[in-house]
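In structure tokens below, several structures.
Next, two complexes with subunit A in common: one pairs it with subunit B, the other with subunit C.
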Partner chain A sequence: MTDQTHAQTVLTTQDGVPLKVSISRALRRQKLRSVLLVAPLFLFILISFVLPIADMLFRSVENPLVPGTLPNTVVALQVWDENSGEMPPEEVFAALAADLKVAVAAKTHTRVGSRLNYENPGIASLFRKTGRRVKRFEEGDYTAQFLKADKKWGDVGVWQTIKQFSSPMTAGYFLAAADAQRTADGVQFKPEDERIYLFLFGRTLILSVTITITCILLGYPIAFLLSSLPLRSSNLLMILVLLPFWTSLLVRTSAWKVLLQQQGVINDTLVWLGIVGDDSRLALINNQTGTIIAMTHILLPFMILPLFSVMKTISPTYMRAAKSMGASDWYAFWRVYFPQTIPGIGAGSILVFILSIGYYITPELVGGTSGIFISNRIAYHISFSLNWGLAAALGVMLLVVVMVLYWLYDRIVGIDNVKLG
Partner chain B sequence: MAALPPYASTGQRTWYYTFRIICGLIFFFLIFPILVIIPLSFNAQNFFTFTPEMLSFDPAGYSLKHYEDFFTNSDWQAAMWNSVRIAPMATIFATGFGTLAAIGLSQSHMPARSVIMAMLISPMIVPLIISAAGMYFFYSRIGLQGTYWGVVMAHAALGTPFVIITVTATLVGFDQSLVRAAANLGANPVTTFFRVQMPLILPGVISGALFAFITSFDEVVVVLFLGSAGQKTLPWQMFTGLREQISPTILAVATLLVTISIILLTVLEFLRRRSERLRGLSPG
Partner chain C sequence: MTTERGASVRFDKVQKSYDGETLVVKDLNLDIKHGEFLTMLGPSGSGKTTCLMMLAGFEPASHGEIFLNDRPINNVPPHKRGVGMVFQNYALFPHMSVAENLAFPLQVRSLGKAEQQEKVKHALEMVELGEFGSRRPAQLSGGQQQRVAVARALVFDPDLVLMDEPLGALDKQLREQMQYEIKHIHENLGVTIVYVTHDQTEALTMSDRVAVFNDGVIQQLSSPDALYETPQNSFVAQFIGENNKLSGTVTAINDNICDVRLADGTELKADKVNVNAVGDNTTLSLRPERIEIAAVDSMENRVKGHIEELIYLGDHIRVRMNVAGNPEFIVKVRNRAGEQKLAEGQDIQIGWFASDCKALDPVG
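Showing the complex of A and B:
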């Protein structure tokens, strides 16, 4: 064997340790040192960022409220077949009466009610109303007492909803986020005019694509000019690109809010120039136009910088060679120069698209109702409607889209090659 | 494109000037919104457009009253101090952890390098609203929601990717044999780090710190969810101001923030040139 023949001539260090062992020990030590250097940040990001995202994933499917508040009812409902169309048996009503008595004492029954109300409107008031009476319920024949408290308890649909949400995990939020609902015939999309979330996702995508395209159209000439000018003047002009990049997002948004108003600078100038009549001032804000203009301005540097770094590496001799062989200016540009800039366009577009798809502040301030994004809906569900599960499900869907794009960006550009300024 | 050759045809000449005009207009689009708020912030009226007095350069049309409001109004002052308290602390965390990690990541023996890198950069890529939602849920579970340290932690996490990227970029040009030479001459690792490595990567560290600072200083989405009234920062105050009662004081604040950006940009440009000169990449 080759190993044995080598064994006689093994190289050793001065203290007699075989060289291989010594090297691998040194390597191990270096490896350990680099791991130790990364470890603090790794742990920090894990706790401050990755766990919160994981928590959100969990919240989008978790369903603790119904099993936690109505434990006996959940157990009793297991024997009831929700597709039979019949009312649940007396034991279920008895279990619910016991659960509700506990829940009313702890004042948690309204929370279950409002949770189930997302799925079946009317349940919130049903729980509230029954909650007031359940203390006076007497032993025996709970079915009749419940029906006396509110005849909605005779509706099989109410029980179906309760049973649907009695498992600790639910896909309900995701169904709601995709504008679908569980009906007697399985999962179905809501009627066309009630599909708000798919519509909003669609609008977010369309507006993001529009913004990306306008960024390419405006960014390409600038990057081309900057890369062809001598270093001194291009550095000077670069400041005009970097200053907006460094200016606070809210400053730029407020600037657009001021400029685009009906009584703002742009409309005033247009009226003064006589292009627009005083009574027909353009509506530039609180609509999609406002969102597109402001976000293009905000994201344009993210397109120019990667384009510029690609264009700087393209040697001007290619263009000269093409022209010397008889290509017209346009032909040389389109067939020789442009194809070499496509990686830059790709990098810039993905970056701009990723950033714009999750934008919240600018659409909120200049978008009105027609220019808002899916993020605004997520924010609404967190702070106003308090439907955190739905917010989490919408967030997860958005996150998946962004992660696919991030992976694509990493494949095409490499995340190490991101340049800032 | 650099210069027009003397033999250029009329068509080429026309295109050359048309192209420059187009570029000029795009530059105008980029810079105009930022510059226009500066004179508007000196408006003597509570208007958001130029008054006739301002256009005729009448001194009566200008005043410092919006600045006065900013410096005397307790809401704005509280917001400013909160920003000043949160951003530097977040910067210290982000820069400290980020620099160490960047040094570790740029060593060739780092296992699972690309996966860890992708994870550490992700706070920059994940939409802010998602980070904000996740942090809001999770930090309320562990009792950090609505606290100073919660906001600092979140902002530090958002700032670290910038530190990693800038420090890694300076380490690309770093000659590892310098470390070995220092060790050979008897320096221990700590001395080597502070006397040899640190001075060379310092421009990257500082520009990373500036990025981290501006990330925290400008951040509004996360603090909107995570913070309580006690952590109301300047961008938060601006956001509520813009959404509810839009007052020209916002323009005065915006002008001050633009001034800060210009200072930061100058420092960064200076650092970039210094770093390139030190590493002998270009004559500067």
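Showing the complex of A and C:
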């Protein structure tokens, strides 16, 4: 009797191992195998993609320089009210003198200077100049000694800037990226003519939308043709569609330069045909037109492929059914065929739009000054101005814009309606 | 204009080739009457769909003319023909609700909103799907989708409705029910229906007339019972129902009866259907249920058979026997009290009337 109940509660294998244990052992081996299969790629992505991006994002708010180099000043400034309009007390000057002596010995004071210079031009030279003198400062009445070294130390604005950047985190990069600044009256946008990043964001969005639309207009008929042809000829044409992928991006973009420039093939042909005069050659490159033409060409396959794969699944009997019910070709297309291709348009548009919003190399080469994107500005701050914090802040904003648009898209169209194949 | 309901259709010497090399439809002449239920029956690839597509206007005829209500329609585009159509996979628009699907042909015709709703409601009630108007096609079962497809082909009151294997995707029970419903709708509305199927039972139960297709040619056009009782050639005899074949040579012809000698020397009398002269080779066709194992004395044909196999089927017993060298000879014996006891390996006398045995063109 007891034996029986035991057999009922715990099932065992032939060897007497409980069944559950043996199953979980077998499953564990399977799991381990799949983890091991994924592990190399996972590590690679983690090290080469996730961590650098996280680091970069962190740089957009990180502010180690001021608190690290001027630790005593930062503490002393806490008691000073920056909105009072009065100068900081003597203790602050004393702390700054002590910090500067250490910093000058380590030669780090110029770095603080140039960092603060982004926010308040002139501070770099102030720090350099004072750094040369501070070694000779004597004990007592530091205020006067600083003012003697440079009158600018009497400017409350300088101290406000230092205090602003004395916390280890800063919103300063983001304010700059949004064309805003902190003034006595709180955060405000910069004057209209100094706004550069918001303008660039706007242009990037508008051009990306334009490129997406031209891709739809050019890609839709091609995808339609491809999907209605018999397999053999559609395969051949598909190879032609994919041909651009086999050529380097740089080569293709340079080819556009040859074609589009004022003395280029297209202009020469138009002049030769007498369509435009020799003195009024079209400006097709180094402006927005150039960016739109070249990027449409480069991103077109990303529109055609999802459209094609969706159209391929739409049975021609739908059109026949519509026509048998009296619909003309156009009406049948518009009411029956087109709505079924919307998932393809959605997928293609997302791909093209997101690729284009972050595009860098093509606008750089054919966009001139009026056709560049926000990513070109980010690249500039990374490679030339070396203001990585600002570059990171711009990058974060770009990322956020893309996510917001993606979310909106999901709300309006529904991401389930997107079909890639 | 005629006063009859439903359209008439005439195929006049119609030929069709897709590739310019082979004729898929060879010299089709077919008259379909007002309000008729005509079925095109034939094996796969025999050109039935092609004929239907030419009638609907999706494929041009390579030669010949098609008339709809005595009007030539070769140059009329499909959407101007006013022909309803039910497709094998239903072709319900997946992005529209059932009601929107049904309203589509009415919107095309710019009917008023109220009239559209009225007609859609009526059509849904006709196929007993009253509450399903707001569903998407994907939310319906196969049978329900099928009904929607039928309703959609009828909602704009066409004179002619074409159906291409509309029940092919349904299971047997549902198929039988739908056969009955489509037949019922046809009787109520009086539209002309041209129906395509490769299922002979479907063709026989539903149609007024059946056109049996093979190889792009109509083999026989007649009512279902005539098709079964008096096949005009061996293809029809074999395609419709069960059939025993015996090959032989014509030795004499007297009016409608001919004498046939089989390879093993057996002499038989048969109904002369598709033979012309003494000396012709012929295949005799014989339905299994027309063969008797008792009371054969009054019959013209009496032969010995060797029972190979007995299959018990409840209401009748299938007896496979070797008759005149044909080991696949089937006899259906009714399961009745007092019937002779049969056993495998037994030799028995069987017989049949000459009128039940058709002398047709030779096969194989």
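Throughout what follows, the second predicted complex is superposed on the first by the 381 of 421 C-alpha atoms of A that agree within 3 Å, B and C clash if a C-alpha of one lies under 4 Å from a C-alpha of the other, contacts with A are read in each partner's own complex, and residues count from 1 in each chain.
In this text, a residue touches a chain if its C-beta (ideal position, glycine included) is under 8 Å from a C-beta of that chain, and two chains touch if they have at least 3 such contacts.
Since the structure is predicted, the reported quantities are computational estimates derived from the model, not experimental observations.
Because the two structures share subunit A, they can be overlaid on it, and in that overlay subunit B and subunit C fit beside each other without clashing. Looking at the superposition, the partner that touches the larger set of subunit A residues, subunit B or subunit C, turns out to be B.
Applying the stated contact rule after C-alpha superposition, one finds that A:V79 touches neither subunit B nor subunit C. Within the superposed three-chain model, A:L300 lies in touch with subunit B and out of touch with subunit C [touch as defined at top]. Of the two partner chains, neither subunit B nor subunit C is touched by A:A106.
When the shared chain is aligned, no partner comes close enough to touch A:L236: not subunit B, not subunit C. By the document's definition of touching, of the two partners only subunit B reaches A:P40; subunit C does not. When the shared chain is aligned, no partner comes close enough to touch A:V10: not subunit B, not subunit C.
When the two complexes are overlaid on their common chain A, residue A:G395 makes contact with subunit B while staying clear of subunit C.
Superposed on chain A, the gap between subunit B and subunit C at their nearest CA atoms measures out to 5 angstrom in whole units. Touched by subunit B in one complex and by subunit C in the other are residues 329 of subunit A. Those residues of subunit C that touch subunit A in the shared complex are 56-58, 77-85, 87, 89, 91, 93-95, 104-105, 108-109, 152-153, 156, 162.
For subunit B in complex with subunit A, the touching residues are 1-2, 12, 15, 19-20, 22-23, 26-27, 29-31, 33-34, 36-37, 40, 47-50, 93, 97-98, 100-101, 103-105, 107, 109-111, 116-123, 125-139, 141, 153-154, 156-157, 160, 162, 164-166, 168-169, 207, 211, 214, 217-218, 220-221, 225, 235, 238-239, 242-243, 246, 250-251, 254, 257-258, 261-262, 264-265, 268-269, 272.
If you check the complex, the residues on subunit A that touch subunit B are 27, 30-31, 33-38, 40-42, 44-45, 48-56, 59, 218, 221-222, 224-225, 228-230, 237, 239-244, 246-259, 261, 263-265, 268, 297, 300-301, 329, 354, 357-361, 364-365, 375, 378-379, 382-383, 388, 391-392, 395, 398-399, 402, 406, 410, 415-416, 418-421. Across the complex, subunit C is touched by residues 315, 317-318, 320-329, 331-332, 335-336, 339-340 of subunit A.
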